[in-house]
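Each chain gets a letter, A, B, C and D, in the order it is written, and its residues are counted from 1.
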Amino acid sequence: MAKLGFIGLGNMGGPMAANLVKAGHQVTVFDLSAEALKQLEAHGAVAADNVSDVCAGADFVISMLPASKHVRMIYTGEDGLINYLEKSTLVIDCSTIDAESAQFVGNTLAQAGIAFVDAPVSGGVAGAAAGTLTFIVGGSDADFNKAQTVLNDMGKNIFHAGAVGAGQVAKICNNMLLSILMAGTSEALQMGVDHGLDPKVLSEIMLNSSGRNWTLELYNPCPDVLENVPSSNGYKPGFMVDLMAKDLGLAMQAAQQTNSATPMGALAKNLYNLMQNQGSGSEDFSAIFKLYSQKQ
Amino acid sequence: MAKLGFIGLGNMGGPMAANLVKAGHQVTVFDLSAEALKQLEAHGAVAADNVSDVCAGADFVISMLPASKHVRMIYTGEDGLINYLEKSTLVIDCSTIDAESAQFVGNTLAQAGIAFVDAPVSGGVAGAAAGTLTFIVGGSDADFNKAQTVLNDMGKNIFHAGAVGAGQVAKICNNMLLSILMAGTSEALQMGVDHGLDPKVLSEIMLNSSGRNWTLELYNPCPDVLENVPSSNGYKPGFMVDLMAKDLGLAMQAAQQTNSATPMGALAKNLYNLMQNQGSGSEDFSAIFKLYSQKQ
Amino acid sequence: MAKLGFIGLGNMGGPMAANLVKAGHQVTVFDLSAEALKQLEAHGAVAADNVSDVCAGADFVISMLPASKHVRMIYTGEDGLINYLEKSTLVIDCSTIDAESAQFVGNTLAQAGIAFVDAPVSGGVAGAAAGTLTFIVGGSDADFNKAQTVLNDMGKNIFHAGAVGAGQVAKICNNMLLSILMAGTSEALQMGVDHGLDPKVLSEIMLNSSGRNWTLELYNPCPDVLENVPSSNGYKPGFMVDLMAKDLGLAMQAAQQTNSATPMGALAKNLYNLMQNQGSGSEDFSAIFKLYSQKQ
Amino acid sequence: MAKLGFIGLGNMGGPMAANLVKAGHQVTVFDLSAEALKQLEAHGAVAADNVSDVCAGADFVISMLPASKHVRMIYTGEDGLINYLEKSTLVIDCSTIDAESAQFVGNTLAQAGIAFVDAPVSGGVAGAAAGTLTFIVGGSDADFNKAQTVLNDMGKNIFHAGAVGAGQVAKICNNMLLSILMAGTSEALQMGVDHGLDPKVLSEIMLNSSGRNWTLELYNPCPDVLENVPSSNGYKPGFMVDLMAKDLGLAMQAAQQTNSATPMGALAKNLYNLMQNQGSGSEDFSAIFKLYSQKQ
């Protein structure tokens, strides 16, 4: 069993850290919220009152933070972890941030002789609690193999996307495509409904044809086609419109970085911005279906 | 075994009629091309030199024609089949045309007491020859059940989309969604490649994530990710850009008819129009990938 | 002064016919509404109780009808004007319809030896009453010159776009571009406002730069930048969203006819469809600005 | 006459500095290119071999640099001007950069008691040489008034957009709208041409209607409608596709910053990216017209 430091005990980080404790690791945790620290102590973690204690003797330091600026600050900012990390430690950042920031932090740590992988997750709060998250990892083969030993205690599928930053790129490519599938499936279903078709029948037909996709099969945006999906539950999230809009912002940043053309992704992003303008930011992202349905 | 009339012996209709003969039906065929007629005679069909002979005593009359105007003309035009069809005959039109035309022909025949179903296909020339086509049928339950008895001899999957015209609507919804999947998958893959990711690795990751869709799995637009797909064979069709553009035109017509919003489908249509402008009309529709890849 | 027949006495046709009477022409009018007929009689027109009386001895027959199907029916339908028109009469259709229908009616009349021009208008009800409409005419040079003699009594600017149908094409190209200017100006202004700029100052700057356009100068969609425009009057029309959506539908039909790529126009059309979905169909088309403004 | 420091003597900065010398100011210039320095000496400027000499006793320090990173570095980077500028100096940055960077540099200098305005230009190399540039200024009223005294010697129109950063925002809003006007005008004209209309006639009609805009009037993208525009000269720039794509990147960044919806601007950006993919990056931005015209 390994000695771990864990930083960031929010909705995702909390249960992830708890699973690491449950797996038998020795986990030292840090968060600005005393409440969050208490909860993890209850699970058997050691609460640190400063980041240096998190680093001391750690085989791995794992972080789960809200945005790029937090990741840049905590590792490379003034009094950042870079001053305390040991050369034997592997840093695993599970935050979803822009690829450039992941590369910046990774390179800065590398210059100090410290190994780093970016490992953004998908699977949401439920997956974090169940330990069934998907991790998409960017880093060297050696670091990837080493990281797997702990990631396996928090998730089910672990992919190696490429070098440092590639995890963030792969996740953002996937989520941009997801938004396109969701918007496209919504307008195809609504157009059928507008012509008097039964959305269950049309979904069944397209599932058995070339229109098949993840949203149609597992996350149908039309109410009452599938049970136990947000669209059949008043679009309660699930994955919020605001979070999809945030990921699409990261996708547009990534496209900007390489001057890539993404007309479909850019349109999907703006449709999600229009939903936010209408005050639907905290609904599930499948609520884009409502944008297409005509007021009677 | 049934007595059948078959009209339209092109790339699709020819092998479809041949499969009906092979299944043991008595098939009378009609086409403007003497060559096409000779071929079907060789298969054991009876060649008619006028449309009335096709109708005489037929249990089913099946048509496979290029566009709406041909279907309207042959059934309801001057000296059209409506003048020769018997009340016991079920008309099955397998052409891909606009829903309005299918409804017009269906209603006009209904007023003359003749039953009609629209049954557009997918599966292409290969599926027509192999008898593995998918049929999406619009018509009454009784007519659908009756139609299945012969459609089964030409295809594998037979779906009942709803009333007359619903077959065309369902097919066009599916193909509009397909074009969105193809464009979206292309730009997600290219953005990954622009960031140095391996398209095989990125495809594998997205196939196991929420980006999974039919094009990514079976028709990957990025060369050399899959074998035996057009992208790995110089984008030789397969399903031509011109045909996708035609189907997207029908989709926009359908959206117009019900005033449905289809921003993603409209953008995909226009990206395919841009490809046509560049002279790529006869390449496979997965060649939209090239629109995204940057000239070195 | 000429002998005129006028068909279609709605919000536009009524005042147009009245101006022709005022100009001293001898005008015989027809409409299905007895009320509309009475009003024109009050202005000094002769009310006909059938279309044949409208044609008898007319130098010009002018029509102003809601949609393509009415124009096709009244001229070339059963018992249509084609049966009553004299070879010396010039037909002027001022309805806004699809170019194909205008060409169909024009060609059908031509085969009967009757001259036809399409002459769609812009300028709205106010322009119709004031006699300041703009006419965009499609037809031969001779017919255009002849038509001008009466169009001058209803409008101020008369343009010759080309052959029969070209009037409709030119109007629809202009209105498609107008919708793009309106949507683009709205999002540029709102982005500035989101960054704390004063929309009056930003409008002034763009009016003196390369962003200058008709909507920014005369029809600013941001409230209280200009006086006496719909945006400063609760978006009361003006030109309704539903009418812009109808014209954009005609534009998409025209694009379809020639397989023209219109990505920006198609997106603008769909943004207007989204507004209709939200129940804004009867607001002024500049209300698209509200689609961009963020709910507080 | 004032004592000026000028940094950045490229295609734009060179002639701008020369005009300041011509106006009688005492100008000390700095650039990394010895060649550029020699040219300005020939005009009568004093060449500095380090940035501190540029600051010494300067009433104004003006900079014209390629991108945000250069502006951030030269003012606030290690050994940046912030260490040498006097409190009496007004800094005028004429570079086109993202608003966030302009605000960062402005605020950082403000904390050191140094006044700053952002003053991006439009008008191109020709305008720089002729001294007819347009400046869009962000800063306090006092600083704006002071800046005008020297900006007048380089330009003709000087606008005050708002606080620091507002100049960048206003310019980017204008250029985003410009790209929409250009793309929209191109597709409206091409659709008319596809229907057989004469682009000169259609342009004339739309110029007198609600489609009127700057591109249609002064920069028509269809060859041979206007003389002396890039479209009539093989699309030789003019304003390059690559520069429009860069400005649209800044516009998307600005939209991201405020979460503004810009569907039309995002589509225009991606159409320009597609042109770059086809190797048209160094053509004039009106060459987007070619994207719409159909290969024969």
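We adopt the following convention: a contact is a pair of C-beta atoms (placed from the backbone, for glycine too) under 8 Å apart; a residue touches a chain by one contact, two chains touch by 3 or more.
Keep in mind the model is a prediction, meaning the values are calculated, not measured.
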Which of these, A-C, A-B or A-D, gives back the B-D interface, meaning over half of its contact pairs coincide by residue number?
A-C
Which pair wins on C-beta contacts, B-C or C-D?
C-D
Whole-Å gap between the CA centroids of chain C and chain D
39
Which residues belonging to chain B are in contact with no fewer than two other chains?
259-263, 267, 271, 274, 276-277, 291-292, 294
Sort out for me which residues of chain C touch chain A in the complex.
263, 267, 274, 276-279, 291-295
Chain A residues within the chain D interface of the complex:
245, 249, 252-253, 256, 259-263, 266-267, 269-271, 273-274, 276-277
Residue set of chain D touching chain C in the complex reads 99, 122, 134, 136, 157, 159-163, 165-166, 169-170, 173-178, 180-181, 183-185, 187-192, 194-198, 201-202, 204-206, 208-215, 219, 251, 254-255, 257-265, 267-268, 271, 291-292, 294
